[in-house]
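Listed next: structures, encoded as structure tokens.
In what follows, chain A forms one complex with chain B and a second complex with chain C.
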Partner chain A sequence: MADTAITMRQVTPDIAEGGDADPALSARLDVLDLPAGGFTAAARKDALARLRAVGLPKPRDEYWRYTNPAAFNAPVPDPIPLAEQGPDSPLFLERKRLTLVFVDGAFDAAASDDLALEGVEVGLLSTADADETHWSGEIYGRLEAAAQERVARPMAALNTAAARDGVLVRVTGQPSKPIHIIHRRKDESADVYYHHVIRLEPGAELTLLETGMTGARSNFVAEVDLAEGARFHHITAKRAGHEKLGWGGVFARVAAEAVFKSFTLSVNGTMMRHEAIIDIVGDDAVAHVAAAVLGDANRGPFHHDDTVFITHSAERCESRQVFKKVLKNGAKGIFQGKILVEPGAQKTDGYQISQALLLDEDSQFLGKPELEIYADDVQCSHGSTTGAIDETALFYLRSRGVPRDRAIVLMVLSFLADALEEVEDESLREEISDRLDAWLTRHA
Partner chain B sequence: MNDITDLEVREGVDRETVETVANMGSYKYGWDTEIEMEYAPKGLSEDIVRLISEKNGEPEWMTDWRLKAYRRWVTMQEPSWAMLNYPEIDFQDQYYYARPKSMEAKPKSLDEVDPKLLATYEKLGIPLKEQMILAGVEGADAAPADGRKVAVDAVFDSVSVGTTFKDELAKAGVIFCSISEAIREHPELVQKYLGSVVPPTDNFYATLNSAVFSDGSFVYIPPGVTCPMELSTYFRINAENTGQFERTLIIADKGSYVSYLEGCTAPKRDTAQLHAAVVEIVVLEDAEVKYSTVQNWFPGDEDGNGGIYNFVTKRADCREARAKVMWTQVETGSAITWKYPSCVLRGDDSQGEFYSIAITNNHQQADTGTKMIHLGKNTRSRIVSKGISAGKAQNTYRGLVSMHPKATNSRNYTQCDSLLIGDKCGAHTVPYIEVKNASSRVEHEATTSKVDDDQLFYCRQRGMDEEEAVAVIVNGFAKEVLQALPMEFAMEAQSLVAISLEGSVG
Partner chain C sequence: MLKINNLHAKLEDEDKQILKGVSLEVPAGEVHAIMGPNGSGKSTTSYVLSGRDGYEVTDGSATLYGEDLLEMEPEERAAAGLFLAFQYPVEIPGVGNMTFLRTALNAQRKRRGEEELSAAEFLKLIREKGKALNIDADMLKRPVNVGFSGGEKKRNEILQMAVLEPKMCILDETDSGLDVDAMRLVADGVNALRAPDRAFLVITHYQRLLDHIRPDVVHIMSDGKIVKTGGPELALEVEQNGYADLLSEVA
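Our next item is the complex of A and B:
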């Protein structure tokens, strides 16, 4: 009757349903040229074993019930024509930053800045993996593996085995500017795997910006290890083509008094799934995960899945999940969020809100906001609402002379505001807000 | 327990207090009735299924229905998705049929009824008048009940002991009898509706029930009739190593109304016992059914030994326009609870409501909640669930709200709160929300917290001791659900809440 046994029972079916003889997995692995790895060799081997044990995701898996994994399981993606530059200029170009450019998941030194930033050691998986040792060896594939003990995440194990590039960032100080990773496309059928490792030493701070578009299909993992009192802010505004397929997973470990904050802006994409698995392991730590998702399926299907699992295993920690989805023309939004409070994680303050605004009759929102609590002196709450635009508020704005389309844009922006609030830097927040305004106005 | 008592007394603690604490959490329905029973052989096979059917004097179509379910069941796997942790159940190590020998021929007067059965119901707190009626005494039906009347179908292990007020109900056109009687007397209704809400293929436990159900209640309310009194079924498991598999079928025809109550208890035993019931409710146009349960099966002892494993499938089908159903449940018993009373809102403008308090203490585990399936336009549902977890118990709310594309302009409001008492227990919330049209509105709120210190302080300041104070706060926390219970249960529920939480604080 031990508490842990109960948790394990949930996991067992996921793992047991896999099995070695998975022809889909064999077909998937056959087309990949898996790197042997240097310092990552052992982690890659373990990841492959993990993947073989659980198999590829199946529609009947508990955490894949709302997202059909077929497109992620297919051996190769369908090619997607390279899109011309859209109406929006890339974000964050006007600010001071260290720019790193990846083309279809591979580092492009010529297009990037020198890898020099005070208080930061920037490396690349592609070059570092020639060596047998590296500081990131203790993290690469390890946070991802630890997270799999609760719920199988085969796409992440596949990434650890297959990724050839990504940034390896170690921060010891408080750099004066953010790191900006820009993704670009070159090959219309690229199947992209990249893997970042980010370690913030005690008291260190980093803002990481990530923008752009990569691959016909992409699979990324970011493992983020925050030491005591570190502050990490991750702002992602990836641009997806209408036919884009993407899976990504952020695996974070947050030590005492550290702060982890992420905000993701997602616009379009046929099939996108973002997972965030955060372990709060030190007292008085904070973790916030937020996303604003805009889906307009007028040019093809839109499916966006956010799957979040936050574990509290220390005292007096705070977590927030703020997910807002605006869905239109048959777009489909998914939110599966979980707060797990381990025995002894007293004074936990856990908050979760998932909201969907459906702008027409065809769009859908599917959610599973979950709590699993084993400590009594905690405050955990979750809320979820789904509905259409409030006609009364719309009427109010129109009666004040605001044209209908503009009124809707204003209401959608105010709907998204709570998620955007999670971007601490005001100028960054304004830049994102302006971008949202422009997108909404075009899609009104 | 004696050791603790001795130790405490040595330290000079008031003996009465120590004894009270030592006796806390005691289950007052845990005695058994020593009565000669008739059992089917242990285990489950096609022969046992045929035997149960034969004992009930069933026609061939019913036997075939059961056998079909049995053959499917042997191919099925026990579900493992619930947050429940219990030893594997050996389905062959159970008796699937047990009835008191004295029930072989139905007693016609009080003198004929086995006094032990009579004493059982007396001890369970069913009033004497009602008890006489229960035993089917001529003339007792006519006796004026003080105020409201409640007709009772009493099920003892595998058989219905008796159903009261049948004649008076019959005058209103209401059929209220045991399901075995209904199969014999009203085959056209049973054939039309049995399995139409919970098909025999529905899930592992429902399929098992379809094969082996022994008795249960049958209710038919004709069009336009408001049932003249509340109906109730009292389930008692008595025999050891015996599973109880009752089946309840309620049909509310157009424009009718019925309020139905269900109660259940079982003796204290060291080994766990299986209970897998199915309740089907069919609600036709403009009809309304209110179904209330106080589930008080034996929860097992303080160390988690014994108790009832309760795997129940309850579903209401609002089949036509403006049908309405309301589930109210107070779940305090059972070692394991696996139960999701659901509403299929098929008719336009139909309504479903679910009010639940689930209380778990010691080693109890409950995984319970509801499903609201909105299929019709302008359908409404409301879910209020309160989970209270104490001791080393685990309490999970699991629910689904589904708005289908055609269920336009529908509305759901869900509120689920959990309260933890002590740091060894768990409270979990697993809601599924599926919204497939934009004009519907779905709202879900959930919180988990401990008993508020300020509230506790306030109550204690007014002279309450800590346990009393917690009971008051929890009652406040659970008030919304308790208010939805019919009068018959309100007092019982209030005291149940206090009982289950005693000894949990400090």
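Our next item is the complex of A and C:
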């Protein structure tokens, strides 16, 4: 009983701080010029109220225990020199695609293609929000809000309130090429908020590629609404030096027989947190979330946090989480992944694997797998491993003449292969794999 | 070709001496067998020669064509012409068999100052070599040894040997886990590679592999040393009487 009392006392001040009286939140909001919004006005107001109710994330919050939110909570980010570009050329430039360029989170029409793609309606939050109505009004801030019912996600609410731009994409057909969003930087101290809304109508398909760097600090939300039988593939590849400090959240709702697949490649970054909150609401749907993370803390801290929450509330659905982190020179990787199976979500097939390959003794991986199951006829499994390079395999490769550094690169690629497999398109997969190879070879 | 002289080695982490003065010489063109009971140091000899971590050489030498093997990294030993066929070939998911072998071959060629093979040249080479070992395109495409049966793994070792064309081949209990047919296929592969400028050191518990790969010389190893050397008849003696008899005789 005494323990309980102590716990209660610790919790109470948190709640009090989360109110309007939270000076950190006030300081955070004071420097932001929050847009009133047109069709998003109500959603923005709601989001701000949610944010005020829960407050900024605190180190003691259950889902912030491994990632110190201080840098996300600071009113302004430290500037990051613009010159800090990785040595790699941008990805995906050689393929057919509809290119949309955002500079510090704002759409750059001159650098972008015409917003025309068959079977797709491409809009922009910045322009659409001048109007009182828009199709995305039913989604903007709504999927995000729904996800807050289970776990408070203050950074997402802040985004809904603060974002000025992002794509509003509605797909009705099967476009012949992907949409490619490229982020660029211009202002070395930009604090960037962008918010995408993506709606796939029944049977529609879309591949969304997202690359580049934005802001000294970035905060993005993507709300993805998939109707029956839709197929959405989101591939995000972040370059070395990209998003030194960033929080991002993908909020997806997946209807019957729809397929949601995302793959994120993250290379370097001081402090990054990616959240994926996926609600599978229709029968026979599929949701896969995968990430390959490469962290070398050689030139400064590296901290990468993946936090996933997949809810099954329909029958015969499949979810898969594949997270692989390669950590070096004291890099730190976090994975918090949850599968929630609601009552009645029978025949659920849930799978989760999080693995870290530590290339030295200074690096660290913290994993927190969670399964919460309220249906009796389901198959859910999870695994988490942390290990070093397999010395026997390394010797095997070297004994055949493969030099040590090259052998390690091959083994790291081998370690990442399961995550990369989640990229369905073979040519995309190869391009990403080549990029990984180049990075690993440089950092060998 | 291969000269091992008074080789002493211990485990790096423990004070446990395993090799206590191994000496033997394998001339070019010959096949030598090392037989011996469990724990006699046979596999350790192969690991120390090929440069596996975890062992410390405390005395003695090992040279290949006069080059000091023990000073080299494992990949340098491979380029110098040494090859170890593993008792337990390692599975490497995510690395294609063909990619692996081409990387290995070209790395060796590069180190020797030879021209690297193009993808097309390599494909031609590996198809030709694979055919003889009953290794089809599907096996070549799969990740290294992943999902291979015991026999397929050993055949894959011999394929690597055929492609890399080493001078000195060490086979570490290549017969373990093989049925008679698989063993014959592996032995045929090895026999096809016998050449005047190539030598083999075949490590085995049993005489039966030596029915298929006929050795010129048989060494018996016990407690970290070669205790007896003779012709193929020595292997038969082991088969008939076991190691105990032979070793008591030596002692």
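Quick notes
As a working rule, the second predicted complex is superposed on the first by the 422 of 444 C-alpha atoms of A that agree within 3 Å, B and C clash if a C-alpha of one lies under 4 Å from a C-alpha of the other, contacts with A are read in each partner's own complex, and residues count from 1 in each chain.
Heads up, the rule we're going with is that a residue touches a chain if its C-beta (ideal position, glycine included) is under 8 Å from a C-beta of that chain, and two chains touch if they have at least 3 such contacts.
Quick caveat: nothing in here was measured; it's all calculated off a predicted structure.
When the two structures are aligned on the shared chain, A:Gln346 is found in touch with chain B, with no touch to chain C. In the superposed pair of complexes, A:Tyr396 makes contact with chain C only, with no contact to chain B. In the superposition on chain A, A:Ala375 contacts chain B only, with no contact to chain C. Look at A:Leu359: by the touch rule set out above, it reaches chain B but stays clear of chain C. For chain A, the partner with contacts to more residues, out of chain B and chain C, is B. When the shared chain is aligned, chain B comes close enough to touch A:Thr386, but chain C does not. By the document's definition of touching, neither partner reaches A:Lys177: not chain B, not chain C.
In the superposed model, A:Arg442 makes contact with neither chain B nor chain C. Overlaid on A, the two complexes show chain B and chain C touching no common residue of chain A. The touching residues of chain A, counted against chain B in their complex, run 1, 3, 5-6, 9-10, 12-13, 62, 343-344, 346, 356, 358-388.
On chain A, the positions that touch chain C within their shared complex are 390-393, 395-404, 406-407, 410-411, 413-418.
Note for the complex: chain B touches chain A at residues 80-81, 83-85, 304, 363, 392, 394, 405, 408, 418, 420-450. Contact residues of chain C toward chain A in the complex are 50-53, 73-75, 77-79, 83-84, 86, 89-95, 99-101, 103-105, 107-108, 111, 143, 160, 164.
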